[in-house]
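One chain, chain A, appears in both complexes that follow, with chain B as partner in the first and chain C in the second.
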Partner chain A sequence: MFHLTRKQLIGVGIFLFAIFVGVPLIIGATGRWDFYFTLTSVALLSIASAGVWLTFYIGRINIGQGAFALIGAYVSAILVVKAGWSFWLSLPAAGLFAALVAVVIGIPILRLRGVYFAMITLVLTQVVTLTALALPITNGARGMSSIPLPSGVSLFGIPILPDFASMANTKLAFYYTACVLMIVTYAALYRLVNSRLGHLCRSMQQNEELASSVGVNIAYIRVVIFAISSFFGGIGGAMFGSIAQSVYPSSFQVVDSVNFMLNCFLGGLGYVFGPMLGTLVLYFGWDLLFEFQQYQLLIYSTLLIIIIRFLPNGLLSLRAYKGRDK
Partner chain B sequence: MEQILANGVYLGSQYAMIALGLTLIFALMNVLNFAHGQMYVIGGFVTYTFYGQLGVPFVVALAMSCITLVILGALIEKLLFAPVIKGSAREESTMLLAAGIAFFLDAVILLVFGEKQRGVPKIIDGVFNYDFRLIMPYDRILICALAILSIIAFIALMQYTKTGRALRALAQDRVAAQLMGVNVDRYSTIGFALGAMLAGLVGGLLVTITGMNLGMGGPTSIKAFMMVMIGGAGVISGAIWGGIILGFMEAIGLAVLSQYGDITYLLIFVSLMIFLAIRPQGLMGKPWG
Partner chain C sequence: MSALIQVKNVTKKYGGLTANNDISFDVAENEILSVIGPNGAGKSTLFKMISSFTPTTSGEVLYKGDCISNLKPHIVARKGVVRTFQETTIFKNMTVHEGVVVAQHLRAKASLAGYFWGSGQAQADVAAFGKYADELLEFLGMSDISNEQASNLPQGSLRALGIAIGLATDPKVLLLDEPFAGMNHDETMHMVNLIRSVRDERGVTIMLVEHDMPAVMTISDRIVVLNFGEKIAEGTPSQIQNNDKVIEAYLGSADDEIGI
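So, the complex of A and B:
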């Protein structure tokens, strides 16, 4: 189904081993339990970034993922708190709702291109934040707090997922959940990119008119891609709200939308795993620089500028350089 | 009603200046300058330092704001944007750079000026009062007049000088301009510096009325993006229209909708999205920018 070469299979194996066995061992040995939260956040943010990357794949700059993450977080929180749903049911519901919103909004705004699309999605983030402040169901600026932890799931009496509230170490549980979600997301993304739909997306990235003239239904594909992208955003946001056990209108702001986009740029737009690497570097780097106190932002932004100045095509383009030299 | 219109003119003239700088940079280099709001804040803080702290005359302080931003803008273009535009496979990589610069300027502002709200003494006292129907402090009228004057000066510069002609040629077609002997690199730098200067000038003007703080950068950038979208990206008349329209919408919204809470901006955003769905290139823009 994935047509991986042996080398790629080994790489994936090492990666899976590292995140499921290696990281807990290292954290256990060093005692830096706070890294679990950092890495969980990285995993979830990279799910949302994967969505942004997908919209890049059809040649659109998406700075609106924060909006869909916020929608997902609110939908899940409202379903769990007010309707009493299980979190595991509310998670796909949050993704689907975000995708539905994306279809409704996407049909008009996906006609825009380039900078116009970038700016309107940026504005969209602001609209969702303001809507969350104005609507009664979202509790306005007070937000939704003390959301219960995900409950257990059992099928025919056999427990499938444990009850998070009764667990001694929810950090580890959340870490594993986030990692599994991230891997499923990127596997889906990889499959999508290497499918017929992926080919059509690449044709749109290069020239929409030409693609349309040879019979690609561009209006349909761009809405579908935008919906999938927002689905990822909604899932990431919903899971984030569940871990933080609270959602506020300020949970995902314009800055977060910009960061999602930066993750993709930094990792490299030509590589499926770019956004994952970009998120890891940006978020982990930001966390590590915490030691520098008030100079944190200065050092962080300086490094960011230096990276883009000397590697304008993203971190993974280093590999491409090496390939060219041979 | 008169009051609302006057507020609209006042807000619109300042917004138009911010949008002009952003649209100029966009037209010349296809760069969406995320750091525009931060440049505006820096302009405000420079005027605050010279006028508020050191007691230099206001006009000199304003000039210092412009000079600082011209130098800053020229350096940013020369050292960062120009090489990145040349080296990147996709034009959009400049967005990452612009966002990085926005973070960087935020960090610099935080370290140099702190995070407190800063204000300066009033330039002139007194309030213009027309039969209690139209009330406007004199300093606001002065700032509004200065802003309109600057806009006129900017348009004159673009229309009647050699630099302006070169910049317009560059905005229309970069390659053609180069073939006609325009020094493209040099005028890109000049254009970027000019755009940054406009942001600094508005900052310097507005610090006398609203004051300045660190957090104003981001929201200002978003407002500037909205104005540029209303008018059409990269078109000078569009930026002015966008600024005026947003200014009036805000003035009317704040007056009419104040009893419903803070929904003015929500309505502006929603109507903007509907407007763009009907006319994607804005009022004056070329299709697909």
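So, the complex of A and C:
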């Protein structure tokens, strides 16, 4: 199904080994347990960034992923706290609800192109934040706190997933969960981009009129892609809420939406794995500059401008890819 | 002569400006019909209405008796009426072959989910698309540039690629927008032969909008002439060449000439 070359298979193998075995070993040896939380965040943010990348793939600048992450976080929290659902059921429900909202919002706004679409999505995060403040079910500004940890799952009496609350080391468990989710997301994204739907997206990115003249239902595909994109956002947000055990209207803000977009730019819009790398570099870059205190933001933004100016196709374009290797 | 496309009393108004006024004509199956007229005569608008890229203000376009105006472009394309664009409208960042493969969307039998999971039908489709693209490019004499990036192609090849993309949809009627613009005599004659063979060997009915008079006279079975949004003449090339109204539209009337 993936048709990987030998070289790509080895690359994927090394990557999987590094995140599932290498990272825990290094953290165990150095005792930097806080890195688990950092890397878990990177994995989850890169899931949401993958969605943004996908909307770029149909030629739309999406600065509204924070809205869908927030929706996902709230839906999962409400289902777990108020309806008593298992977290593992609330996770796909959160993704699906975010996708549903994306369909409703997307039908009118996806007609817009370029900066007009970008402006509207920019507002979305703020709208969701204000909605969360106003609705009774989201508890307003107090938000949802002390969300229980994911419970165990067993099928026919056989335990499949352990109860997180009974675990000594939830950090490691969350890290593994986030990594698995991230890998599934990127595998799906890779497959989508290299299947016919991906080819149709590319044709729309290049010329919507021509695409519709050869019989592509561009309005339908735009909505489908936006829904998938928001599904990723919802999943990422729901998982984040579960780890933090709380969701507030400020959990995802406009600046987070902008960061999701920057992750894609930084990693490279032409490469499926661009947003993953972009998230890692952006997240760690910010932390590494912490020593510079008040100059942190200045140095950080200057570096970003330089990178975007001199590497318009993202960090992955540094690698000498032969042809279009996605 | 059975009419494949019937343009019936089609009018298009943009605010106070009438781009097309009450235009009617038929296109027969297997015909090459050209729409000509001076700049601003409303030729492109007429094409946009036939392919449903823009709605009519009044009137309708029938294809095999079914209305195809005021729909969505992809629905009209599905019915078999496909337009091409001028050379700048192309999938720039794809190779020639990729562009022709993508354009075969209407021939897809598997669902989009089937393509995602790689079902048997999807794999068969992908193989068939590639094969048909090779075939089509060979037919159009483009096999040697099959793997070129479209953005690197010269104008003549871009025009041919536009036709290849249109043909990839397996159309019954192909609307060509200025296929000869900016071409020299040899390139034009090559394109004329290409369009003829599309009609003769693939049974595609052709409508074209064009400025190049010698080419239009050579290629067309019949010609429709528009001027200021009105249809002023319809007939064979020789009838059109001797039509007073047409000569007047293009050269100005004798009275205008001396300022009376």
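The definition used in the following text is that the second predicted complex is superposed on the first by the 319 of 326 C-alpha atoms of A that agree within 3 Å, B and C clash if a C-alpha of one lies under 4 Å from a C-alpha of the other, contacts with A are read in each partner's own complex, and residues count from 1 in each chain.
One rule holds for everything that comes next: a contact is a pair of C-beta atoms (placed from the backbone, for glycine too) under 8 Å apart; a residue touches a chain by one contact, two chains touch by 3 or more.
Since we're looking at a predicted model, the values are computed, not measured.
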Item to check | Contacts of A:32 with chain B and chain C, given as first, second, both or neither | outcome: neither
Next on the checklist: In the overlaid three-chain picture, which partner chain does A:300 touch, first (chain B) or second (chain C), both, or neither?
Outcome noted: first
Next on the checklist: Looking at A:191 after the superposition, I want to know if it touches chain B, chain C, both of them or none. Which is it: first, second, both, neither?
Outcome noted: second
Next on the checklist: For A:207, using the defined touch cut-off, is the partner it touches chain B, chain C, both, or neither? Pick first, second, both or neither.
Outcome noted: second
Checklist entry - Can A:216 be said to touch chain B (first), chain C (second), both, or neither? => result second
Next on the checklist: For A:112 in the superposed arrangement: first (chain B), second (chain C), both or neither?
Outcome noted: first
Item to check | More chain A residues in contact - chain B or chain C | outcome: B
Next on the checklist: Considering only the contact definition stated at the top, list the common interface residues of chain A for chain B and chain C.
Outcome noted: none
Next on the checklist: Give the list of chain A residues in touch with chain B in this complex.
Outcome noted: 61, 105, 108-109, 111-116, 118-120, 122-124, 126-127, 130-131, 133-134, 254-255, 258, 261-262, 265-266, 269-270, 294-295, 297-298, 300-302, 304-305, 308-309, 312-313
Item to check | For the chain C and chain A complex, residues of the former touching the latter | outcome: 51, 53, 72-74, 77-78, 82-85, 89-94, 98-99, 101-103, 105-106, 108, 110, 112, 115-118, 122, 125-126, 165-166, 168-169
Item to check | Residues of chain A touching chain C in the complex | outcome: 1, 191-192, 195-197, 199-200, 202-203, 206-207, 209-210, 212-219, 224
Next on the checklist: Under the definition above, what is the set of chain B residues touching chain A in their complex?
Outcome noted: 26, 30, 32, 34, 80, 83-84, 87-90, 92-93, 95-97, 99-101, 103-104, 106-108, 110-111, 218, 222, 225-226, 228-229, 233, 261-263, 265-266, 269-270, 272-274, 276-277, 280-282, 288-289
